Structures are given as C-alpha cells and as structure tokens.
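Supplied in structure tokens, the structure appears directly below.
Chain naming follows the written order as A, B and C, and within any one chain the residues start at number 1.
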Amino acid sequence: MLKDKRVRPSRRSFLAGTGAVAAGITVLPRFAVGAEEPKLNFYNWDTYIGETTLDDFKDATGIAVKMDLFADNDELFAKLKEGNPGYDLIVPTNDYVQRMIAAEMLDALDHSAIPNFKSNVAAQFQEANFDPGRKFSMPYMWGTIGIGYRKSKMDGVPDSWKWLYDSDKYSGKIAILSGKAAIESALKYLGHSLNADDPATIKQAEQLVIRQKPHIKVFAADNGQDLLLSGEVDITMEWNGDVLQVMEEDDDIGYVVPKEGGELWQDCLCIPKGAPHPENAHKFINYILDAEAGAAIADFIQYATPNAAAAKLMSEEYRSNPAIFPPEAVIAKCEPSVYQGAKRARLMDEAWTRIQAA
Amino acid sequence: MSTTSAGLESRRRTKAGIGPLDYSRRLWIRLVLIGTFLFLYAPIVTLIAFSFNDSRRNIVWRGFTMKYYEKALNNDGLIEAFVNSLTIAFVSTIVSVILGAMVAILLWRFRFPGQAPYEGTVMLPIVIPEICMGVAMLAFFARIGWPAGLPWPLNLGSIIIAHISFSFPFVAVVVRARLAGFNRELEEAARDLGASQWQTFRDVMIPYMRPGLVAGGLLAFTLSLDDFVITFFTSGPDTVTFPVKVYSMVRFSVTPEVNAASTVLIIVTVLLTAIALWLQNRTQPKDM
Amino acid sequence: METWRRNPLVFWIFLVPPTIWLAAFFLVPLGLIWVFSFGEKRGLVDIEITWSLANYVRALEPLYLQIIAKSLWMAGLTTAICLVVAFPVVFAISFAPPRWKPILLLLVILPFWTNLLIRTYALIAVLRTRGYINFTLEWFWDGGNQILTAVGLGDLQLLGASFQPLQLLYNNTAVVFGLVYVHLPFMVLPLYASMERLDKSMIEASLDLGASQARTFFSVVAPLAKPGIVSGLIITFIPAMGSFLTPNLLGGTDSQMIANVIERQFKSANDWPFGAALSFLLMYATFGALAMRSLLARGSPGTEHGA
C-alpha cells in the first residue's frame, strides 16, 4: 500500500484508534495483523439492509456493525476522494465502482474469504464488465430505472419514454429525475445507447428535453415516488425500488420499464482503501451473500437480489413481480451506465445546465 | 388571538391612550407579527402532526400512533447524532461569540493599515458557497493528517473547528451592528471616573453589547445545529450529526420517524433554552 | 474610531486570536481550493495546477453569467422581502415589555433549530397541490358554493365548475418563498441587535415636534437602525445567493441557481477546478464590494460607524 503514491495520508494515519489497525500507513499485509477488534463501519444507503441483519451478524460473529448512511453516489465519491475517514464497507453503484477502481480508491477483495460468492451468486453476476474478474466488488442488489405511474390517470400502461419526453398528454403532471438520468433516458427514447458520448447525439437529447420542458412539472431530486404518491404528478421517472415502496401504500401506482429500455444498475459491496477492519468486512460480505441472510434482506427491502440461493428461498410473489424482475425481453433492451471519462461528464453537465437555464 | 378581538382591544386601548411608542400594541404591527408566526410555524406544526402518522410515508394520513417516537428513541444512531449535534453547536457557539465579538470590537474601535481588506477577508466565510467550504475542509483535514479515532468528544474537533470558522464572522457582523450605536462618551465617562480599561470594558462595553452577543450567539447556534454540507465533508463514521443523519434518511422519503426525532429535538432545545433563560433571569433580573 | 497606535496592547489582544483562527482554519483550507481553480483535471482524482485561467474563462461564458444574474435577482428579491417582513417584527419585539423580549425573539428563531431539509419538506406539505393551503381554500370554495346554491345561484358556477388548486410549488415563486422562509433569522437578528435599546427619547422628540409617525420612521428610526439593516442585507443576501437545496426541492424546471451548478461540479460532474473557479468568481465579486463599501464608509467622516 505504501508504494502506491496515490494513497493520500488518510485521517486515520496519524493516530489510529485504540487497538485499531493503522490501515493507512501499515506496511503489514492485511491478514497478517491477526485479530481485528470486533467492529465494522458500514457506509450504506438508507433502508437498504434487512431489519435484523446487523444484529444477526453480531450474534453469529460478535462483530458490531455500525451503519452510517449516504444519500448518493456523488457524495460518496467526493467524500472518499481525499482519503478514507474510517469506513470498512461501502455500497457504490456499478459506474461508481468503475470510477473508484480507476481512481484506485478500492482494495482488492480476497475471494477465498468469500466462499458464498462462488456458491450462491447467480451465473450472470459472477462477472462484471465494470470490474473484470470481480476483483473489487461483490453484487448486492440490482434493478432498473423506469416509469412509475398512477394507473387511474393513464390510458393503459405507459410503456414508452414517449409519455415523459415527447407528448403533451400528461402535461403538467410529469416528473423526470434530474441530472444525468434525464438525458440518458432521453437518449434511450431517441434510440441511442444511454452511454452515447458523441456531442451531437447528446445535443439531440438536450433539445428533446428542452422542447418538452413546458409539459414537465418538476425535475425530481430522487423523490419522484413521493410526488406520485401525493398526487403532485401522475407519471415519473424513478428507480424501481423507490416506486415499489409506494406501491405498497397505494394500489393505484404501477411501475414499468419502457419498451425502449432503461438503465440497468447494480449496487456493489466494496472495501475502500484504508479500511481499518478489512477482515471483518470480508466476513460481512460473505454473510450477506449467504442464502438465508440474503433472503432476509431481499424480503425487507424488496429489491432484486443477485443471490440465486437467496432468491430460491423467497416467495413466488417476489420472484414473479415484474417490477422487481422485468421480463427478459425488456432487460435485453436495458444497459448499464458506463463511466467514460471527464470529457463526457463535462458534456453531460453542460447539457444539463443548459436544459435548466433554457 | 383572533383578528377581531385584537382590533377591539386596540381600539379600546386607543381610547385609554396607546402611547405613541407602544408599537407592540398597535394593530397592524400585531397583525404582521401574527402573520409571520403563522408563516414560520405552519410547516413546524405540520411536521409535528405527521410524526404521529401511522404510515411509512408523510403524505397520506393513516391514523394516530406513537410508534415512531419509540422507534426514534430506540435508534441509537439517531440519539448519538443528537448528542453530537448539540455538543458541537454548544462549543462552537461559545467560541464563535468570543471570536466574533473580538473582530467586531477590533473593526469598530481601531483604524489600522489594511483595514478594508482585513474586513473583506473576515467576511469570506459568509461569502463562500457551502459546498466549496466543505470540500476545502475535507481536503484540509485529509492533508494535514488530522487525528481520527479519538475518544468522544475529541473526535468532534474537526467539525467544531469548521463550524466555528463559518459562524464567527456572522457573529462579528451582528455585534458590529450593535456597536455602531454605542455612545463612546459613556466609555470616556467611565474612564474619567477612574475605571481601568478592563473595568470599562467589562462594566460598560459588555453590557451594551449584550443584545448583539445574544443575537449573534443565537445565529451561530442556529447555523451550527442546521449545517449539513460542511459537516458532511468533515464527519467520519463516529461523528455523524443530526442533519447528516437526517439528510441521508430523508433523501428517499420523509418517514414519520424523522419527524418524531425532529420533534424531540425541538422539545429538547426549547427546554435547554428555557432553562438558560431562567438562569439568566435569575442572575440578572433587570433586563435580558 | 482611534488609530491602533494609541492603544497597541488592546489592539493586539483583539487582533491576534481571531486572525490566527481565520488564517489557520479558514484561509489555509481555502487556499487549497483556490489553487485548484487554476488547475486542470488529470484523471478522476488528480488535479494538476497549471495556473491557467481556463476555468475562469469558462465561468464567464454567457450560460453561467445568465444563471448568476438570475441568482442575483432571486437572492435580491428574497432579501427585500425579508427586510420588509423582519422590520415590523423586530420593531414589535424591541418595543415589547422587557419580560417578553427574549421569549418573542426565541419564538422567531425556534423554527430554525429544526433541520433545514425537514423544514423544507414540511413546507412542501403545506404548499403542494394536495397541501394545507389548498385544502383550506377548497373548504372555503365548497362553503361559498353551498351558500350560492342556498340563495339559488348554484347553477351559475360563479366560482368555476370545480375547485382549481393553486400551483404553489415547483416554480420560481416557490423558491423565493422558501428562501425567505429559510433566511428570515439572518435579517431578524442583526436588526434586533441594533434596534434593541434604540434611544426612544429621539423618537419621542420627533413626535413631540410634530413629525408624523411615517416621517419619524424614515428620518429618525431608519437612520438609527441603518447599521443593523446593512448587516442584515449582507448576511441575508450572500447566503441566499449560495442556496442550492431550496431551488432543488421547491423549484420548477428552470429554477436552478448558481450554487446548484457549483454543487454539481463538486459532485456529479466531478470537476473541482471549475467548481472552485465559479465559487471564487462569486467571492472575488463580493469581497470587492465589501471592501469597497468599507473604504467608502471610512472615507466620509459622517458615516464612520457604518456596519
């Protein structure tokens, strides 16, 4: 670790906590240090773990998990960019896993300490294009970005991005996620890859959104499902899990992945560089990938689990819910978002700034 | 008080003679006051009401429950964040008031070379966009290798430092506004009567500055208690504050648990302030 | 105002602690970011300091100037409304019986001890289409209709065929409303600090000499409260310029303010140098304005007590 000049002097490095491994500056190989104190700092999204998972893990191993929450990937990335303030396990989404690998912010995983990965995780998640060989990340949950809608206000199922981007039918009752997602879904509607990086193509999507602006009520900051539930809008772009949560409250709400396809995302478990308790983090990852523990989590948070052994234990209702597991044909149209460097990030940000300023 | 009774009352008083300076009794001022309080409190009342809502979300009323209070009070992370926030706000308010008052006096009393740029520089923490300051603090503490893993409350050090840095200029501005009305002849009179500089400062200046110090302190406390952005970038796994905790919880949806926790926080701060006021009134019965 | 040489010891006592604090815990961190603003991104994390002005040039593009202009306008409007609302409130508090003063002041500040985000969401619950304001209006509408029906005018639909809820959210008005809600104490507190113990005999004298209340207000009260007003304007306007949460949550499709753009540079766009340049552009402008003001204040002897 020391050889790597990119490791910034972490805040841990001056004074490691009592008994804690001074991970920032330690020269010893990770597993040679011996027993770690029974602690784990888990940095996760809110309501994104089973109700009793942390307690169960403590009962099983004696390791106390302290969970702290972050609200979006950008925050996570910005916060860890200058050094790890003491987190052992983080849950970034696929394109951010890719960014963090590129920025050398993650520690390689020791697959021998995570036997459940080989035995329990479904075949299609054994590999990942954003992390070849799964060297840095383990799959946690996956899902889609699609359309949440109020059934009674729609004519049939709004299974196209058209209803958000190219129609005045629901004028004034439309919400679109703000930022990158707004442009990428527009790219999908226009028949491009959502990762298109050609300026002319992005411009096309930008113009589409600008033209539609009079009909859009709000660019939602991740709260489209609340707008839907409160009747503020009738149709919104959202992550499937968010819409699923309000579907429990209101039968009149539905979710569909548009026929043009949407973003396919995967949240991953990763160990950031400088983690004080990497050994415990491996144990916890292995625990989460266990069949029963994984099922308990999926049952509570209602996202699609890549853990095939856990899915087997789940109810038929969960496994056949199209909002959780969209039909294969639709999935085939979906794409994961890929990080393509600073140039595209700037193109997208400028396009978004112009859309709002227009 | 309803509008009509306020009206009646004011008319009655006019007959009895509202003094020309009884502004707090004038109808229109009272109406503005009532309007402002309505404006300020309508959302707060909503927030408190929804903390009793038996639904995972804050949108539709589904019946009365106390379970979210139970949940909030049993949420160790939330309680810890609570205590952290109050501790940070308390310490940073005290230091900010002292530093801010010093700057205010300095700028008010002395003429010195480079005064205008100095004043501009002191105002910078007010000017800087929060996120920029947050990132600056993040880079700063990471680069100087600020010790982590210290026992509580020392681990709050970096957050407290950041909070003081952005609060004390606000205090300086408020105290300075107060000092502008100070009649320096009072100070001279005290000196003429044989008081030392220190005595003059303590017995003449400080009492005069007090409303400014109180207002500045309130502002610093408010800023610290409510800061999310800068705290986010300076906090670690053991130093989560209430806004940081709430922010990540609320981004997906506002649950009644968050409302319950906020209600408790409101009650706790009201109680603490009431006690402080009461203590102050006891020691200084004349005025605030 | 005296020259520092007359009393160097006291001068140094007041100068050193805040200056050291400011230098160590503000200017040094700020310096790091300042240097970034002359840098270029190299990969995801590394920033190379090339001392180029490219980031500033980009920040001066019409796209961003337009957003800055819009932010200035929204922050200015917010500040003006805050002043108009805060003045009578502070007036009432400072003329209230002494026992009531601290209580009233606390009542004004109390809502601000609730988390900003929670407060903003609560504000949304009040303002949204199916929120309390619209519920109240609908109730009045129903009542009005019933009365009209009772007097035989029900068929005329004088109040419209059905209740049309007001669109109070997701537009620029909502943003200004939210900003006023958030920034009111920044105006109330400095005003209070300067108005409390306002020399009441001067107001009395003015009234005794036959000046009207209005004239007294503008020629006696306002000048006396001027330092508080100026301070209030400064510490309301500047933070309002830097708001990003309120436009984010209450704004419509065109409500972005400059701080939203800055925030994105530090987060999703991951372009710290540009974010730093935009931030510093704002800071240079404000710094210049403040320094200019204090120079002017010092230049004219009559106003040397200006805040």
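For this structure, a couple of remarks:
Rule of thumb we're sticking to: contacts are C-beta pairs under 8 Å (C-beta built on N, C-alpha and C of every residue); 3 or more make two chains touch, one makes a residue touch a chain.
Being a predicted model, the structure only gives us computed values, none of them experimental.
Of the two chain pairs examined here, B-C and A-C, it is B-C that is joined by more C-beta pairs in contact. The greatest centre-to-centre distance from chain B, using averaged C-alpha positions, is reached by A.
One finds 36 Å separating the Cα centroids of chain A and chain C. Centre-to-centre separation of chain B and chain C, using mean CA positions: 15 Å.
Among the residues of chain A, those touching two or more other chains are numbered 72, 75, 78, 81, 221, 223, 230. Within chain B, contacts with two or more other chains are made by residues 59, 135, 139, 143, 247, 254.
Contact with two or more other chains is made by residues 266-267 of chain C. Residue ranges on chain A touching chain B, taken from their complex, read 8-18, 20, 41, 43, 45-47, 66-72, 75, 78-79, 81-83, 85-87, 221-223, 225-226, 229-230, 242, 245-246, 248-250, 276.
The part of chain C that touches chain B in the complex is made up of residues 1-4, 7, 10-11, 14-15, 17-18, 21-22, 25-30, 32-33, 85, 88-89, 91-93, 95-98, 100-103, 105-119, 121-123, 125-126, 132, 181, 184-186, 189-190, 192-194, 196-200, 203-204, 207, 213, 224, 226-228, 230-232, 234-235, 238-239, 242, 244, 259, 262-263, 266-267, 272, 275-276, 279, 282-283, 286-288, 290-292, 294-295, 298, 305-307.
Taken in their complex, chain C has these residues touching chain A: 41, 43-46, 63-64, 66-67, 70, 128-130, 169-170, 248-249, 251-256, 260-261, 264-271. Across the complex, chain C is touched by residues 6, 72, 74-75, 77-78, 81, 99, 102-105, 178-180, 213, 216-219, 221, 223, 230-232, 342, 345-346, 348-350, 352-354, 356-358 of chain A. Against chain A, the residues of chain B that register as touching in their complex are 55-57, 59-60, 77, 135, 138-139, 141-143, 145-151, 232-233, 235-238, 240, 245, 247-249, 251-254.
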